[in-house]
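Next come two complexes built around chain A: one with chain B, the other with chain C.
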Partner chain A sequence: MWRATAGVLASHWRRHPGQTATLLLGLALATALWTGVQAINAEARASYDRAADVVTQNGRPVIRDPSGADIPLEIYVALRRAGWPVAPVVEGRADIAGRDVTLIGIDPLSAPVLPAAEPTEGSATPETDTEGLIAFIGPPGRLMAAPETAARLRGALSQDVLNTPDIAPGTAIGDIGIVSQLLGLQNVITRMIVVADPPAHAPPLAQLAPGLEQLAPEAGADMAGLTGSFHLNLTAFGLLSFTVGLFIVHGAIGLAFEQRRGMFRTIRALGVPARTLGVLVAIELAIIATLAGAVGVGLGYVIAAALLPDVAATLRGLYGAPASGALALRPSWVAAGFAMAWLGTGIAAAQALWRMARLPLLESAQPRAWALASSASQTRQALAGLGILCVGAFAGWLADGLVAGFTALGGLLLGAALGLPWVLARGLAFAERRARAPLTEWFWADTRQQLPGLSLALMALMLALAANIGVSTMVGSFRGTFTGWLDQRLAAEIYLDAGTEDRADEIRTWLDPQVDAILPQVWTEAELGGEPATLRGLPNHATYRDNWPLLTPASGVWNALERGEGILINEQFARRTGTSTGDVVRLDDWTAPVLAVYSDYGNPGAEAAVGLRLFSQLHPNVPQVRFAVRLPVADAPKMVEALQNEFALGADQMRDQAALKALSLEIFERTFAVTGALNVLTLGVAAVAMLTSLLTLATQRLPQVAPIWAMGLGRTQIARLELLRSALLALGTAVCAIPVGLALAWVLLAVVNVAAFGWRLPMQVFPSDWVGLTALALLAALAAAALPARRLGRRPPADLLKVFANDR
Partner chain B sequence: MILTIDGVRKSFTGPEGSVRVLDGLHLDLAAGETLALTGESGSGKSTLLTLVAGLDAPDEGRIMVSGQQVNALDDSARAALRRTTVGLVFQQFNLIPSLNVAANLAFQARLAGRLDMPWLEEVTGRLGLSDLGNRYPEQLSGGQQQRVAIGRTLAARPALILADEPTGNLDEAAADRVLDLMLELSRDSGAALLMVTHSKRLAGRLDRRVHLSRGRVA
Partner chain C sequence: MIAKGMVHLCVWGLLAVFAAFSASAQGFAGMASDAEGFSLPRPNPEFSFPEDHGPHPDFRIEWWYVTANLTAEDGRSYGIQWTLFRSATRPEAPADTAKGWASPQIWFGHAGLTNADQHFTAQTFARGGIGQAGATAAPFAAWINDWAMTGRAGPGQDALDRLDLSAHGADFSYALKLEAQGPILRQGLDGYSVKSPRGQASYYYSQPHYDVQGTVHLPGGPVVVTGQAWLDREWSSQPLAPSQTGWDWFSLHLADGAKLMVYRLRDADGPDFIPASFVGPDGAARYLPDGDVELTPIKTTRVAGRDVPTHWRVIWADGGLDIETEPVNTQAWMDLNVPYWEGPVRVTGTHQGQGYLEMTGYE
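Then we have the complex of A and B:
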């Protein structure tokens, strides 16, 4: 009995290779989507982290000589011996091939951030970590530089020069020994990076190296918060793609049952117990899920690698890179991929098996009756969806915290998906009532009858579209915020750090006649409303008036600030304490009126700002050694070079913000491009799900189509109507998806983000994207419908006649 | 008695409310006996067969098949009964579309665990299906499909054959050949046959004839 039954189950897949292929494809693509998203997520995170690191130099404090003099190597050794976790850096400028290049030497074994190089072209065998490390240290050693710089250096040096997109142009990084040699330095280093906090028992810096100072990273420039938020949103996108994938798997498995309903009934009538059949089907599905899951994981890997031509490059850094030189197929992705295939199959199968167990053994279900029956269940399902939506909205509105945010997210997705068939059915019923001609009436009624069979695919399509809209809104808003953040924090062309007040005066005097403005950058620790905060002094200058992101712009704020009549506070503090414009708040010993609130993306702490004059009065001891320099953008690179030559300012002391901004944005753009490609992929997978459903329905639909054909409608005409039907359903789905996608983005930005980080990303909408997406959805639906429609158009009349011959 | 039907009632609820199809039906069938069940369309003949096969349950009454009360058994016991004791020939054939004719013919016997090749070949030959073994059900005519459905049941040698208009799609000569085979089998193996038919001529060739009317034996 077991073998005979198993044979019958297998015979179905052998007899219908097309159905087998679409089932496997649907499952595999859903798995691939999920695996690919995970791989790309990891990569996007890595590249975002790098963008942040380039700007903030990983936010680690630095130890150096205030006058800019070199540090004897013995001091470094003494610090290490005393337990200070410091990494040595040498830096200097050298004339190579007629151009000035900044050379930075690091110790690869202790440096906190290492740039990631692209693989060397034409190298036959990828090198291992150890090989990479040995080649880096040399001799002859290797240097890493941005592609243009690398091209210039190559040939002029005996060292290999690797392309490393994350390094600022005009700079090359190499092993400390190699760079010292190139710079002609002996037994000295330029500065030390404090890799981690020194242990409590370590003697203080003042005792070990009295002449040196430790400089904290620039306040507010810490992008950890911003990065964290982006990571969180990417995680949410991963979740979305998981849901889309689940729906697709669910749909594919559901169809595999639907296709074999008659067969199951027959073999049960012939004496196969429900339990036997259930066990065999479960085994069969487990095999299918495993097969498709394996294909999907592989496919996801290929997709990720193809979408990220530089994934291999970026992950294959010098160290910690996979030996294969390609994107690592991490066990966690593989496991998650299979989990997806199994979970989706499991959920779908449990439902289908339960239904199968209750399947009446007698043939009573006529298609029309089935549609009617499912109209009731459609309403039930829509009500359930509405309930879930309400729970989600309730959670989003009333509760706080991440759990509430994700509950809202889940409720929104699931509720909207469940409600979709009902909404579409109502729309079709409305059209049916309005129809005058009998053919149009039949068309609408027939479409409505097809809806139950298509609804899972349409739900997947809607989720894919909503995820698309949600994610592009989120990412677009994020990009806007990021650019805004750069503009706000890095509004000036050059930032420099003179180190000591004497040098600051020197540089100031030298700069003054050559630039538009020199704006002191000062901040100190303060107590704001009883909690520790950063207090900034803002010079009275258009740079701030024009760029400082006030949430409630009011006239006169800047003048009042300049007069010392109040303070500005950041959004985090305002939200946390419920303070708003017009309130007063304690700043150290002063009860200060709040003039305005400003957004301060990514800063986890409280911050306040006062006018520079007042700041100097309040904290006369804070030296003015850092400056923002305003000058025409085009002159900035030359000025940086002049400053370097005149005052020997190192790369950690001066930044050409235009170059840094461009670099950060470029790395960021790469992430966006990948997200875009991923969106298209999601839609493609949804289209495959639709194709699967349509192909299955096509065979079951003959009895409905045959009478229409017999009554005188041509087969091509029927086929054309089928195309139109798919397009209309996709259109309806897209229209429903837009508000869901926007709600999704809103939850991500305004609930999840605020819950996680205490600040809100302003939402920006991109209606032109929606039009494009709708067009894409239509295209996908038409592509999915083309094959079944063509088949129907070419169906031999004999097939249609058969419907009448034995009445099924 | 291979089959005892005792006071069986069955109603269906349709759009017009509840309709009583069987109303206190009594019927006995001895082992090896052949019985023709007639009645106008909609009188409940197919319904009765499904109750006997345990595909559906009566509202009231008792159905005993070879000593077991069908409507008191659980699903797997009823399935076992269909597999080993009762052979069904459906009005709608219910062939398995993904199996070819040869595999369809052998299927029930394999399920029952008593595939007997010489007997299967004999049944196949006498039903005129020898040349069609490699075809699939969709490539057969209605009459051919019906013969496969009959062959599938006969090949498994059940003790009780329930046949729902097994000759409805056959011409007279073919119908006679099929009935010959069914009668021969029931004689050889002591199988009982309960056959629904509209044909008086065929009904006359069976041991007994029962007419269903208003849910009872008239």
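Then we have the complex of A and C:
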């Protein structure tokens, strides 16, 4: 009996290859989308975690010369011999094979972290550590570089170059001896990494090397803060795609049951116990989920591989986080992919199996009865959706932090999706009541009758649209605000770092007659409200008065600041501590009135600003070595060149504001490219879900369509009405998706972002995007409906007649 | 000692030296150098001091090795080890060594401090050529990072007669003054120490006669100590035969003033090789060729997950010597990149005394 029943179940899929394909496709696409996003996230994160270790040596402090000058090798030796556990680094740029390459030299005997090179091709046995060390030190020595850089360097140097994906492109790491030689450096190093805390017997740095300074590992923290916001985007997308995917899987499995209702009834009527049938169906579903999961993970890999270079380029760009464009198969996201397929199938199957077990044996299994039975559950479902919505809102309102933010996000999506069929049904019922002509009335009634079968696909479509609107609103707001803020914060034309006070004086004297203004940029560490913070001194100049991004602009702020009557604080600190304009806050020993709050994106820490005059009184020892230079924009490039010629300022010591802005804009365009591609994919998946639903319904709908045809409506006209129906449902769904998407964006910007980074971005809406998206949704719905409508239009009249002959 | 994080990388450096031990050795037939251009030890060496206290960059490996048995005022026993290794990736002419990072010399140090309950270890690494580590003959100094052995010998004394010795670990350190009470001992045949019947050899001399005073620092605070120390100097390019799997090495201060050095080189393909040297209470030194002294493990102890022969019987029948050694701390495992056992021992039997035991090849 088991065997025979299994054979009958399997025969359905054999006889309906199209249904089999759509089921597998739906499941596989949902898995693919989820897997792809997970893979991109995992890869980018892992990649720059490792890279950050190499670059910052696990975020260890660095010792350097404040002016950026080289450090004599004797100082390194003196520090080591005094017990300081430091590792020497040389760094410089060299022109190799016509390309500019950054070379970093380290001493493998003192640097604790080396990047892992890929195994060399063709080598039979892996080399031992000893062989590796000797080969690395040389001569001739060995360099490590990202694959594309390595390919370029290979042959141009006498050193072997190993493929090492963790290293930023355009950079090569080698032994300090080899790199010193390539850079023409003798008996000097660039900086030292403090590998461990110095032992108690080691004299202080100031005594051993008075000219040098030890810097806290700031770079790593900065990178984490900035890349964190990018990853939050992707994580949000991952969550959205998971929800969308769940609905699609649920829909696909639900339909697989729906299509075989008649068969299940027949099998049961023939005496197969419900238990046996249930077990067999569960096994069948497990096989399907595994198959589709495997295909989905493969597709996800393709998606990730296609998008990853863009993601990597984004992270590399402004953030300087060396993410690799190469993709590795990671168990984490492969497992996540299969979990998606199994979990989705499991949830969907639980409900379907429950229904199957309670299937009344003798009752007619016509879709209309089905729809009626669902009408009450539609209301129940809508109420459940409302409940979930409330729980989400309550969580977002009551609790703080990321978990609350994501709970609110999940509640919003799930609640809105569950409520959609009810809203659409009410809308259709309203239209039905207003209908005058019998055909119109039939059209609305028939549409409403189809709703239960289509509701899962429509929910998926709505989630896809809402995710689109939400994420693009967030990214768009981010871009708009951030570039505006960059304009304000980088108002001056040139930013330069003289290194030492003597040089700063020289440059100032030289610049003074040629430019409009030279504005010192000073900051130091301070204690703000009991926490460590950065304190800036702002010169009294129109550059700041006109451009500094105050959240609460008020007249008199700048004059009060100049007179030393108060301070400005950054948004992060203000939000975290609940401080606002007019409050007082402790700045070191001073209880300072807060004059205003300013936005300070990308900075994880607390910050305050005072007038430059007061700053100089409070911290007379902080040297003025960095400047913002104001001059006519057109003169900036020439001035940059002149400064370079006159003072040999390096690229890292001088920044042309226009170039910096262009760079950051480019980054956001790339971020957009990634989000855009994911948007299209999500919509595509939703369209496939609609297609499968419509295809299934088309076969079942014959009994509803036949009477209309018998009354004289042509098949072509019926097909047109089918298309219209799909378009109308998609339109209704899109209209519902807009407020959900905006609410989603609001949660992302006002709750999740604030919890994650401490700043809130003003929300900007882009109605033109909605129009485009709605059009896209209509297109997807029409594309999905085209095939079933065409089939219906070409159905032989005999099929339609048969409905009356053998009514089930 | 720098940081735990360094360990995995620094394996490289340490392995370089131990790899030299297992490097396939060519039969010794009076050749002056091996295939890679390193010099090889030859019989009947003529050491020249103080020059030979300094490095020999034309040889592959070399070490300056000090062990000391110390006693605190409360009678508790302590032992310290201080070793500076030099390992060359290619030979250099002594008169023309490379300066800067181009130097092929890699240096590393091991230090240990042991009492009955505690055993501390540390290691440190440095490149040659830049002054971070090295050795000079006159004035004598051997150093690596903040560890140092510095000579302060007066006129007419050997450069090694007066030494300051210091090392720092994460949780211990020591600073000791060493004063030699007797002459340098040339090991083997006038300093030519054969390591196997197949001819592998090294140059090897010792200063076994130090009196010591100083301070050891433990987590519980400083402890003033006095005692005896033993210094070994050895250099070579291929000292062990490939089948020789490790050694058990003793340096013993006997109560009557005599000194005994004996080691067993374990051979997978044949009998063990056990040469020794003895300095009598009268100062007369003798080389005891393989076969004169018997070494027998009498008890093994579970140390760091392996069985190690920690208790030994040493018999030199012709010299009327039949003693047993017992470690101050059986768990004196040097858990460094290449792990080995090294710690102070007490001597009982026909002679009383103390000394050091080092056992390699039990990892």
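Here, the second predicted complex is superposed on the first by the 580 of 808 C-alpha atoms of A that agree within 3 Å, B and C clash if a C-alpha of one lies under 4 Å from a C-alpha of the other, contacts with A are read in each partner's own complex, and residues count from 1 in each chain.
The rule we apply is simple: a contact is a pair of C-beta atoms (placed from the backbone, for glycine too) under 8 Å apart; a residue touches a chain by one contact, two chains touch by 3 or more.
Everything numeric here is computed off the predicted structure, so don't read it as measured data.
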Considering only the touch criterion stated at the top, classify A:Met263 as touching first (chain B), second (chain C), both, or neither. first
Would you check which partner chain A:Gly177 touches, where first means chain B only, second means chain C only, and both and neither mean what they say? second
Which partner chains sit in contact with A:Ile134 here, chain B, chain C, both or neither? Use first/second/both/neither. second
Report for A:Arg15: first if it touches chain B alone, second if chain C alone, otherwise both or neither. first
Figure out whether A:Pro273 sits in contact with chain B (first) or chain C (second), or with both, or with neither. first
Given the touch rule stated above, what does A:Thr5 touch, chain B (first), chain C (second), both, or neither? first
So, does A:Val195 touch the first partner chain B, the second partner chain C, both, or neither? second
List the residues on chain A that touch chain C in their complex, please. 58, 73-74, 76-77, 80-83, 85, 107-114, 128-130, 132-134, 137, 139, 175-177, 180-181, 186-187, 195-196, 199, 201-202
Any idea which chain B residues touch chain A in the complex? 50, 53, 55-56, 75-76, 79-84, 88, 90, 92-99, 103, 107-108, 110-113, 136, 138, 142, 145
Of chain A, residues touching chain B in the complex: 1, 3-5, 7-8, 11-12, 14-16, 262-263, 265-276, 360-363, 802, 805-806, 808
Chain C - residues contacting chain A, complex: 2-3, 5-6, 9-13, 15-16, 19, 89, 100-102, 106, 108, 125-127, 130-132, 143, 145-146, 168, 170, 173
